[in-house]
Amino acid sequence: MASEIKEGTLDLINHLPILQVITPMLIAPILVVLNNKTLSWLLSFLGALACLFISVLLIQTVSDGSTLTYSLGGWAPPIGIEYRIDAANSILLFLISIISVIVLIFSYSSLHVEIPEEKHTLFYACFLLCLTGLLGVVATADIFNVFVFLEISSLSTYVLVAQGSYLDRRALSASFNYLIMGTIGATFFVIGIGYIYMATGSLNMMDIAERVSELGDSRTVQAGFAFIVVGMGLKLAMVPLHVWLPNAYTFAPTVVTCFLAATATKVALYVLIRFVFSVFNYEDSFVNELFFFLIMPLAIIAMIAASVIAIFKQNLKKMFAYSSLAQIGYMLLGLSLVSEKGLASSLVHMVNHGFTKAALFMSLGAFMLNTKNVYINSLQGLGRSMPFTSAAFVIGGLSLIGVPGTAGFISKWLLLEAALGSGYWLVAVLIIVSSLFAVIYIWKIIEVLYFSESSESYSEVNVLTLTPIWILSFFCIFLGINTSLTVEVANMAAEILFK
Amino acid sequence: MKHHLILKVITKFMVGVIVLFGLYVQFHGDYSPGGGFQAGVIISAAFILYGIVMGLKNVQKVMPVWFAQKAAAVGVLVYALTGVFSLIFGFEFLNYHAISPEHPKHGQHYGIILVELGVGITVSFVMIAIYYSFAGRTPRLDDKEW
Amino acid sequence: MKFNPFLFFEKSKRLRALLIAFIILCFILFAIDFFVERYVYFEIERVYNFYSIYGFVMFSIIIFGSRLLRSLLGRSENFYDKKAVDSEDYPGMKEK
Amino acid sequence: MLATLPLPFYFLIGGLLSIFLPKGVIKSSFVCLVPVLALIALLNGTWDQGFKVQFLDLELNFMRVDKLSTVFGIIFCIAAFLGNVFAFHLRESTQPFVALIYAGAAIGAVFAGDLITLFVYWELTALSSVFLIWARKTEGAYHSGMRYLIIQVLSGVILLFGVALFYFETGSISFVKMQLGSLATVLIFIAFGIKCAFPFMHNWLQDSYPSATITGTVILSAFTTKLAVYALARGFPGTELLIYIGAAMTVFPIFFAEVENDLRKVLAYSLNNQLGFMVVGVGVGTELALNGTTAHAFSHILYKALLFMSVGAVLFRTGTSRASELGGIYRTMPLTAIFCLIGAASISAFPLFSGFISKSLIMSGAGKEHYQIIWLILVFASAGVLSHSGIKVPYFTFFHHDSGKRPSEAPAHMLLAMGLTAILCIYIGIFPNNLYALMPFQVKYEPYTFEHILTQLQLLCFAILAFYILSKLKQLPSETRSINLDFDWTYRKLMPSVVGKLLLFLELIEQRGLKGFNKFLSLFMDRIYQVSGPEGILTRILTSGTMVLFIAIVLLVVLGIILF
């Protein structure tokens, strides 16, 4: 708590919320100054590790339902920038940190293939900035600060995606498209913030929430909300606004794809959740109507259509990019139920899908180290020559489908429970149908991996590459068996948000 | 640009003045309109002007690429370390009181100057770096190949 | 083969003896029904030699019924697909 | 510690360990040992409190041990042991591994105290067993396995949905007796029905079992369907609908089995017919009938495995299991022939064999409840069993006209497996009380009464007589290489062709439609960008442009919804 800080004594425990964000931010410029390839890997890895450590401490502190606040520069909240950690964002901080650690382990060997050597330092610096941005968005309780961090992460993401141009020039146009869409999204977002500031004169979430409820039915606030929903819809790739995502994921370097797929869209979704529940009042009719008439149909369309499209994609990165769209559909669906259970399922799915998708993309990346491309045909027979990678891939795939015993099952089960609990029978059926589509496209790959003869023989990738893949696969299973971390924290978070 | 003698001469005069003006904006940022961002842009404008008139090679003699990149990073570091400084002394991040606990107002003053300095350095060198990468870009592909 | 009871019956005389024994058994079973009072669940069981008759008739019905079934539904082995499992040989098994 | 470990984990852990063992005798011995250990653990284990695990807000019970589940657990362990002994010769990794996992999943499902655990193991049986089919490694087997997998997984999905609904209706997930009536229980019923091969859902059985490997079929035959019978006995005892379903199941496979050429398929149909008896027993639902179902499942697993083993051994030696290509093999495979005859006698319910003492429980159960038509059907079906499994399988395999094949006797481990099974069949037949003691309810039943033996012999002998006469008259269906259409025609022939045509149609529409749409779009865009440069640039702007157009539309919609 802010008041607990005793001035003049060094007590880092009280500074955890800010340390979480500035650790990578501090390391990024140091990397550029040092300009050494190996050292920058090591430093970023250590930085990410520190973030992970901090996020674990944070999650422990807030897992009893308490809230941790931190005022930047010593200025008290409504005026100064406030960082606010509760169950909802601590779980995301954890997700982002751990994924970044794992992804960095993987990058040690994969980056040599995908990015020219002289750019490695800058790549890591960019990566850390992206990490800073994502962590900042999640940690802060100041809406303009959200925008700033969102831009930090987005701008560095554009750069990271463009790095794929070393292998495939199309990464440039993908990145450019992403840039245009992302910028429009950010603009909309900032317009929304502007409207809110206009109506309430405040930028602090808690403060706004109070003032909004005092204002009553304000057109300005409602228009602001509309802009924020569309802006965040763009960032989180809600279905008609998703056009940037498949190409960005496909052509970005594996490391980036893993990281983005696991974190970036989730963070945008988190912002949306935050705004709906902490800034606006979810009981207001305009929020409910929007969710019922727009977000839910769009989420369902995403779930079904994106899964169907994924089935027909030959490029596996693209296939999983579309599958990500479908999964985002699940999360949006959970949110659009506007119930505690639905929200909890959304949060759990964010984490579970983060691990699952990272595992899938990373094992694809490992395949790619050998095959140089990820067209489905080039994976023929790899199940035998790369048994460990393939096994990890299968685990990830099972989790994506939602097979019991894997993380994916937990979140789908919760979502089903929530949908049925709200009385949407048809939605529940559609969730299952969409899972069946997932079975089809995962099966297609398994078939190629294990049931066809390979024309070329490859060797298994090295241990350092395998380790992160298996850590992720382990999480896919671990989170399916031990749900105390995810489900309990998510329930707590949903409870807090619904207060 | 051999024959653009006037431009060249004027530029040599202007560069110093622009930088000076930039520094003015920088250090008066806490009293008058201005601050690190504006100052950074103004200072970088001096280098960019020099580059446009004298050519990329010449400006890069004055300001090498590696230096621009690293200096930009150093700017961020100045900013961040100011914050960490107060953090180490047991205040909140970016709480300038830490710089001079006895006289908090002085602390505020120094703190803002430091932070603005960081911003100014970063912005100016980032601008320069952006100019370099645009100006130094030679298309790897012919138009036909697109 | 050291032990093979079936070869014992390969001679047609012995096989015939076996057959005759079986027919005698059937006759005994048929006849014995005269003397037995059976506990029954249903009245129909009281019909004289119900089980024998039922067994005989039903077996015949099964045979003729299945022939009818085949004439209606029988198809060649590769009806579904040339490589369907129905028509393929067990792999890796050369006749020994 | 070991005693409290849930039973399926023995198999799952054993299966995982087996991967790391060297292929050969060690691995084969190990996979035989695992079921034995599990059986010992089951007989000595103490799971009075169950093995409860908290999962989300649900309490799962991995080990609900009562008499009903124990019987099935015991027979599944025995079946796994026998199957693995039969497969001792395998020198590969997949099948021994999968066999253990499959058995473990089936046992796990049997001991599942709640529906979630049941569902998990339910799906695991499907996912593991399909590899026993794919291990045949032919294209046909692959497709057959795929069909099997789809149907089995479908059953699981329906089950999951039913369970979810059930949970919301009742707030409980414990697996206890249910009433048909709500959508939830109907879905669960259907899921059980698919696995139990109810009519029109049965074809996966006849499709997949003959497509599996020699050893795979033996293992497959024991678990999946009997698991479904267990689930029905646990969940829907006394559901009258089951009586009629079961009766239908006993009748129609008889005719198919009679004309089927592939002997393993004959046995698959016969399996279906036997399941019918069990289902009737569940439907009648009295203590006697449920005992009958349980006992019949127990003895059925043994003699069906024995029959599959003997046909498998022949297939192993000759390379074919087609009736049209076999015959006269008794000369060189006498032991196999004897074991086959024991299996045939057991399934036909000759006195002193296991079928006799278990099937009569069901018949008496139905009789006592005065289901006359059903009872007549069951008697008819008994004659039918004799016709295909009792006579056709051994006759066409070993006796009949000489095919000229002179294979050597089955390998020792197969003989051992068959011998053990045969001994069990006879042992149960002679000492039925040992089996009855295991039954879920107290049994006071004496199968060996004079009249019972007499009527059964009358039935069987006169059926055999009919066979003899008809064969002399050359009225038996001839064995030719052919297949018979069954309900699988709908999804192997009808559906693909319909879907194919539909897809063609859709493609046509899509092409036409897209063309039209494109035309419209390009006209529209041409207007807007009339002055823009060449085509290439135009299209590039178009993509970014349409994206932004989307954004604008969405914004308008959102604003519209919120503000009005």
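By written order: A, B, C and D. Residues from 1 in each chain.
Just so we're on the same page, a residue touches a chain if its C-beta (ideal position, glycine included) is under 8 Å from a C-beta of that chain, and two chains touch if they have at least 3 such contacts.
This one's a predicted model, so the numbers in the text were calculated from it and none came from an experiment.
Novice: From the C-alpha centres, identify the chain that is farthest from subunit B.
Specialist: Checked the centroid distances; the maximum from subunit B is C.
Novice: Would you mind pulling out the distance in Å between where the CA atoms of subunit A average out and where those of subunit D do?
Specialist: Going by mean C-alpha positions, subunit A sits 42 Å from subunit D.
Novice: Where the centres are mean C-alpha positions, what is the separation of subunit B from subunit D, in Å?
Specialist: 75
Novice: In angstrom, rounded to a whole number, how far apart do the mean CA points of subunit B and subunit C lie?
Specialist: Computed from C-alpha means, the inter-chain centre distance equals 99 Å.
Novice: Where the CA atoms of subunit A average out and where those of subunit B average out, how many Å apart are those spots?
Specialist: Here subunit A and subunit B have centroids separated by 34 Å.
Novice: Can you tell me, using the touch rule above, whether these chains form a line, ring, star, complete graph or other shape?
Specialist: Chain contacts: open path, no cycle.
Novice: Given the complex with subunit A, which residues does subunit B contribute to the contact?
Specialist: Residue positions touching the partner: 66, 69-70, 72-77, 80-81, 83-84, 87-97, 101, 141.
Novice: For the complex, which residues does subunit A have touching subunit B?
Specialist: Interface residues on subunit A, with respect to subunit B: 2, 5-11, 15, 18-19, 22, 25-26, 28-33, 35, 70-74, 125, 169.
Novice: Inside the complex, what are the residues of subunit A that reach subunit D?
Specialist: Within the complex, subunit A touches subunit D at residues 177, 180-181, 184, 188, 219, 222-223, 225-227, 229-230, 233-234, 240-241, 243-244, 286, 289-290, 293-294, 403-405, 410, 413-414, 416-417, 420-421, 428-429, 432, 436, 439, 451, 483, 487.
Novice: Quick one: in the complex, what on subunit D touches subunit A?
Specialist: Residues in contact with subunit A: 55-56, 116, 119-120, 123, 134, 142, 153, 157, 160-161, 164-165, 167-168, 543-544, 546-548, 550-551, 553-555, 557-559, 561-563.
Novice: So in the complex, the part of subunit C that touches subunit D is made up of which residues?
Specialist: These residues of subunit C touch subunit D: 1, 3-7, 19, 22-23, 25-26, 29-30, 32-33, 36, 38-39, 41-42, 44, 49, 51-60, 62-67, 69-70, 73-77, 79-81, 83-91, 93-96.
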